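Naming follows writing order (A, B, C, D and E), and every chain is counted from residue 1.
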Amino acid sequence: MSRERAINLLLAALLLAMPLAALALGELFYITLATRMAILALAAVGLNFALGLGGLVSFGHAAFFGIGGYVAGILSSHAFNQTPMFSWPFEFFGSDQMPTLWLAAMLISALVALPIGAISLRTAGVYFIMITLAFAQMIYYFAISWPAYGGEDGLSIVVRNSFPGVNTAVPLTFFLVSYVLLLAALALFALVRDSRFGAALQAGRQNETRLAAVGIAPFRIRLAAFTISAAITGLAGALLADLNRFVSPSMLSWQMSGELIVLIILGGTGRLFGPVAGAMLFVLFEFVLGGLTERWQFFLGLILLGVVLFARGGLIGVLAGKARHG
Amino acid sequence: MAEPVLSIRDLRKSFGALKATDGVSLDLRPGEIHALIGPNGAGKTTLIHQIAGGITPDSGEIIFLGEDIGALGVAARARRGLGRSFQISSLAPEFSALRNVMLAVQSRQGSSFRFFRPVMRDLSLTEPAMAMLERTGLASRANVPAAELSHGERRQLEIAIALALGPKAFLLDEPMAGMGPEGSRALTGFLDGLRHEAPILLVEHDMDAVFALADRISVLVYGRIIATGTVDEIRGDAEVRRAYLGEQP
Amino acid sequence: EPVKVGMITTLSGGGAGLGVDARDGFMLALKLAGDTEIEVVTEDDAMKPELAVQIADKMIQSDQVDLLTGIIWSNLAMAVVPNAVAQGKFYLSPNAGPSPLAGAKCHENYFNVAYQNDNFHEAMGNYAQNEGIKKMFILAPNYPAGTDSLNGFKRYYKGELVGEVYTKLGQTDYAAEIAQIRASGADSVFFFLPGGMGIAFVKQYAQSGVGIPLMGPGFSFSQDVLGAIGDAAIGAKNSASWSKDLDNEANKTFVEAFQKEYNRLPSVYAAQAYDTANLIVSASKKASVKDADAFRAALKEAQFDSVRGKFKFNTNNHPIQDLYVREVVKEGDVLTNKIVGTAFTDHGDAYAEQCKM
Amino acid sequence: MTLLQVSGLESFYGASQALFGVDFSVGQSEVVALMGRNGMGKTTAINSVLGLIRPRGGGVRFIGRDIAGMQSYRIARLGIGLVPEGRRCFPNLTVRENLVAAARQGPWTLTRINSLFPRLEERQDQYAHSLSGGEQQMLAIGRALMTNPQLLILDEATEGLAPVIRQDIWAAIRRLKADGQSILVVDKTLAELLPVADRCFVLEKGRTVFSGKPDELTPELQDRYLGV
Amino acid sequence: MSTALIIEQLLNGLQFGVMLFLMAAGLTLIFGVMGLINLAHGSFYMIGAFACAAVAAATGSFWIGLAASLAAAAAAGTLVEVAVIRRLYDRDHLDQVLATFALILIFSEATRWLFGSFPLYLDIPPVLAGAVALPGGAHYQLYRLAIIGIGVLVAVGLYYLISRTRLGMRIRAGESDREMIAALGVDIGTLYTMVFALGAALAGLAGALVGALQSVQVGMGEPVLILAFVVIVIGGIGSIKGALVGAVLVGLTDTLGRFLLPKLFTVFLGPADGATTGAALASMLIYIVMALILAFRPKGLFPATA
């Protein structure tokens, strides 16, 4: 077993152990904290399909995160209030079933990602960063000023949506649901990374000309990756909405996009568990420092700076050493 | 005479005032090595790029296996069977030599939209790729990332990738460049055999190799072909000597 | 009976001034009351709704607080309040009062000690109406609080609107809007631009020399921003439920103590938070916070000395209070407000009827 | 006088060692050939001399100073001009800009470069990224000459050049040598290299395995070390 | 709608554009030319504004404040380059993102620590108060005209520096291949420190100049950061001309959009709904324009190299 794999297992175990320990100690909040870590990690794993594998630095992934959240929020608010969302061609009253919401969140995020990706992928490098930002900003400003679902004030979800057979209102249950989804996404990531598709995607990141010259058109590969990536981030958005029982445009903001990128870099760019390590670390810092001092952002900044300067390749980079290239 | 595999008709391309390709017509026949030589900046690489699809010509036709491929993209042309090597090595730097070659094998086998099967455990990818590395003498470096190969080794890898595509025609842009005497000699022998698999359009400044290999030579100067002929014809051509060969021993 | 209070407020970034004032006002009240039973944990929300929710969860689940308070911004309140009251905690708002929480989504454990968001705007609308201003130009950012603001204003102002403009949230250059104001032929301009937007607007407005009188809700001319606006603010009319020169004992004590303690003048946020703290103190004296029903009743009675003079809760737990019109003046070299009129007496809000409680 | 003296040089890429003890030297007004098969460490040795790779063992002395571990810009300013392997022209600069950006005073001027490579003058306002391979090679040589170095290092500088131009380059090298310029050359065409070289060093697997005059490099040795 | 108003709005758009350019000028150097992703650009802008406000308040002179803003931002820039950026040149570009993200947090909180939580006062200097009359009945503020002037001067100066001097060539060379330019004997490290400091100083200058029109408060740099990136990317990274044209385009689009779109929608939807819908669209407008430009010209309006 490689060192990196051992660290990955350890991280997965730690994340699982945290809420269990919390439960044993009666510290319920740490379950919520762990859930948040898992969900942010999931969002970042989503982004990692595009960024880590494809080198597509999307500075607009908050759009999908937020769309996922809003899909969950909107569908469940209609279900809760028993008001139809639309009545043609059939009456649709939304849903408060998590599987339905997840599916819808992933589907709609993917559907939005498709045209955005198709246009954005005409550009490359920093231009890609900025054009994805542009699309996210459009959606953000739309959400802020669109009154139907609360605008900038956001939309609350009155009761947590349900999952057949379990009680999601129990914090641990909801954590487990999120955790399992995170593991599933990680497994998918690992599979895709090592597959033919993943090989093409990664080759495109390293050298687009080379990829095309062997007969694989980079555009379609990337568009597919971007869409998958958006769908997973959208799924995370739906979960976060349920955790917070609230969605608002701040989930769509550029700061959120930036934060997702930061999570990946913090954990280790291009690593399977990079987003997980990053999310765990970031949420932990935010939580611990926030409780210690009012100037927590200053110290958070210092710590992050320390990580970039002294931990080459992020947290996993430091622990596991140089990445091995297949 | 057999139908040409690749046929270029009156191709033109200008960069501003510069006519980089100025009405070039050229055939590549089955089984031949057709060398394209000419001074630096004559437009050889530009011509290769146009055939491979990286640059769109201003006018003219490119017929490959009886089909006009002028409207196709780079990847589509590669899949039709145009295998190329780059004058300045172009590799996936983080991938090992083996994975660089596997990429070509994967493309040759069809769709890259396969999400689940790990490539490194896929013998249908690794075995042909390894075979190509063996043929080009890079087998011992199979697991070294391309970025860590020496210059000459990268040049060899370029060839291995082009081979792995199993193309119906090769476009090789200065394959000898950067290879030591030993490498050049080996590659010369290698290309000599390769022409039976697919014809080669060979751009090369190494005249020993060109004279040893070429069935026909075209000389490109300022975007125009000034002469086409056998080795002996070109060697004897006064203008070619003046413009390109210089004082050959 | 000890009460544990969780204060979530904005202590970093551009909006920190408001949070700092609210916290300081709150703490001052506890200090003056000499109450050692009330323990406060404070945390910075950085103006992010998600973070505010996380902190609320932590305070409720981990710190075991009995009640929450402190949030400045409506969107953060919307994120935190429904969650907190659903977990059986009390929430006392020292500032934000979004309309859903006053109406359909009101809750027995949610008390707003400040105002319903529309109040200040309604007051200004009423003032403009009573003053007989013929042509108004009105301006606010394009987000719910902005549209609510202009709707609040229009609820009482019935004259002609020669311009109704919605700006971009976070906009910093207003040359284009000012040009429109200049060309509109308005008699007066009402604007609602919170935080830095307001500072930028008023400065640029003064620099442009347009000269049509400005009015707005108290936020844009509150003590925390007046220093940054400078003399450009002098003469502007604004509405608030409180002013430093309000003539009552509680207020005198408050203003004096605040200046002494923090070496600056208090703002309306400080005043509201000060009242919030005093309300908690008054209720905790009457009932144990562990007895939710009794404590709720004690809160509802609102028997504390408000710096606003009289204070009582409406059916939706929002204040019924007087609203004043103030004018920015210079005292020595300090800019501040003085009351020039009363816009409403015993004013409630427009959403109370929708509240089924 | 010895201009450059390299002894026992050891260099690493990360953890993997590439040079295990390389020795060579270049004297004043001398043309020295550094030879070896692909991947034997020629480029690594050159990069170590210039401080592009920090040597971990051995000594590098240039005009009597110890330059091992010095920053590469200082080394270059002492008077070493490099034509790197793979050209490395600045793609976002025009031909002219490439030439003048790092130029230093001396006999080599833009005019002289332009007369050496008329092709460059024709293309002077073109960005280097769109130059042909050979043009880039000329530019890399011109750029190094423009720094007016005491020691010129050519790492495969004739790669990709047309035979006529290559003849010109070798002619130029001979002229430079006649003018007293010291040159260290790596090149694959022995037929052209050996006649101009005063001394040869051969590397194998990161070690110097031969040093001597070109005529001492017998066909057997050539076959053993260079595969000719 | 009078012609005077339309002329004035066009001028406003132009002015806003040049102001955007001024705000983006430092970033053009650091990001556009040196190729460093610097999210902390807005922090330098903020530092400039705070330095100017504090010094102007202490000395009573805007001009001394302006000098202080240049000095403070340049000092901060030097510090950042030497302590942080320098260590990241041979790393993945993304490390710069994380590092400068951390710097935003540090600078914002440090500024609040030093200057308190409340916005500071900074007004335009008295000599530049007032307006000049323009033909057609419009008049225009002197200070804003001065900003246009300075913006254009900075643009010309930068253009000259980057395109015409050897220093500019070396910076650009360093962007594409640091190792190679060093191997040619150029002390690229020190050069980059200096240029980074210059970029920071320009950001500080913009902060001071624009700060006099806006609110000098913590966090003021963040919206600027995004706008500055937008401007540079629309224009084409590395091109000064592009940045200027991009800025003016954004300025005009934004101003005219804010002005005209609500009017347009009012015709269909009535005053209140029309105004909000128009405003919503107006706030998305520059991003729509940016997306359109990049969709059709994937390297911006003036790609620096083909």
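Definition applied: a contact is a pair of C-beta atoms (placed from the backbone, for glycine too) under 8 Å apart; a residue touches a chain by one contact, two chains touch by 3 or more.
Predicted model only: the values in this text are computed from it and were never measured.
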### Query
What chains do chain C and chain D have as common neighbours?
E
## Note on the structure
Every chain in contact with both chain A and chain B is listed here as none
### Task
Report which interface contains more C-beta contacts, comparing D-E against B-D.
B-D
### Task
Take the average of all CA coordinates in chain A, do the same for chain D, and state the distance between these two points in whole angstrom.
50
### Query
Centre to centre, by mean C-alpha position, how many angstrom separate chain A and chain C?
35
#### Entry: Inter-centroid spacing, chain E versus chain A (mean Cα positions, whole Å)
31
### Query
In whole angstrom, how far does the Cα centroid of chain B sit from the Cα centroid of chain C?
74
### Task
Two or more other chains in contact with one residue: find those residues in chain E.
108-109, 276, 279-280, 283
### Message
Residues touching two or more other chains, restricted to chain C: which are they?
### Response
11-13, 142, 147, 166, 168-169
#### Entry: Multi-partner residues of chain A (at least 2 other chains)
141, 144-145, 147, 295, 297
### Task
Any two chains that touch count here, so list every such pair.
A-B, A-C, A-E, B-D, C-E, D-E
### Query
Which part of chain C faces chain A closely enough to touch in the complex?
11-13, 42-44, 46, 48-51, 53-55, 57-58, 60-62, 74-75, 78-79, 82-83, 86, 98, 100, 105, 142-145, 147, 166, 168-169
### chain C-facing residues of chain E, complex
2, 4-5, 8-9, 12-13, 15-16, 19, 108-109, 112, 117-121, 123-124, 129-131, 141, 143-144, 210, 212-220, 223, 255, 258-259, 262, 271-272, 275-276, 278-280, 282-283
### Query
Which chain B residues qualify as touching chain D in the complex?
15, 37-46, 87-89, 148-153, 156, 174, 177-185, 205, 207, 243-248
### In the complex, chain A residues that touch chain C
27-30, 32-33, 36, 141, 144-145, 147, 150-154, 156, 158, 240, 244-246, 248, 250-251, 255, 286-287, 290-291, 294-297
## Note on the structure
As the complex stands, chain C meets chain E at residues 11-17, 19-20, 142, 147, 150, 161, 164-170, 172-173, 175-177, 179-180, 183, 195-200, 203-204, 207-209, 224-225, 227-230, 232
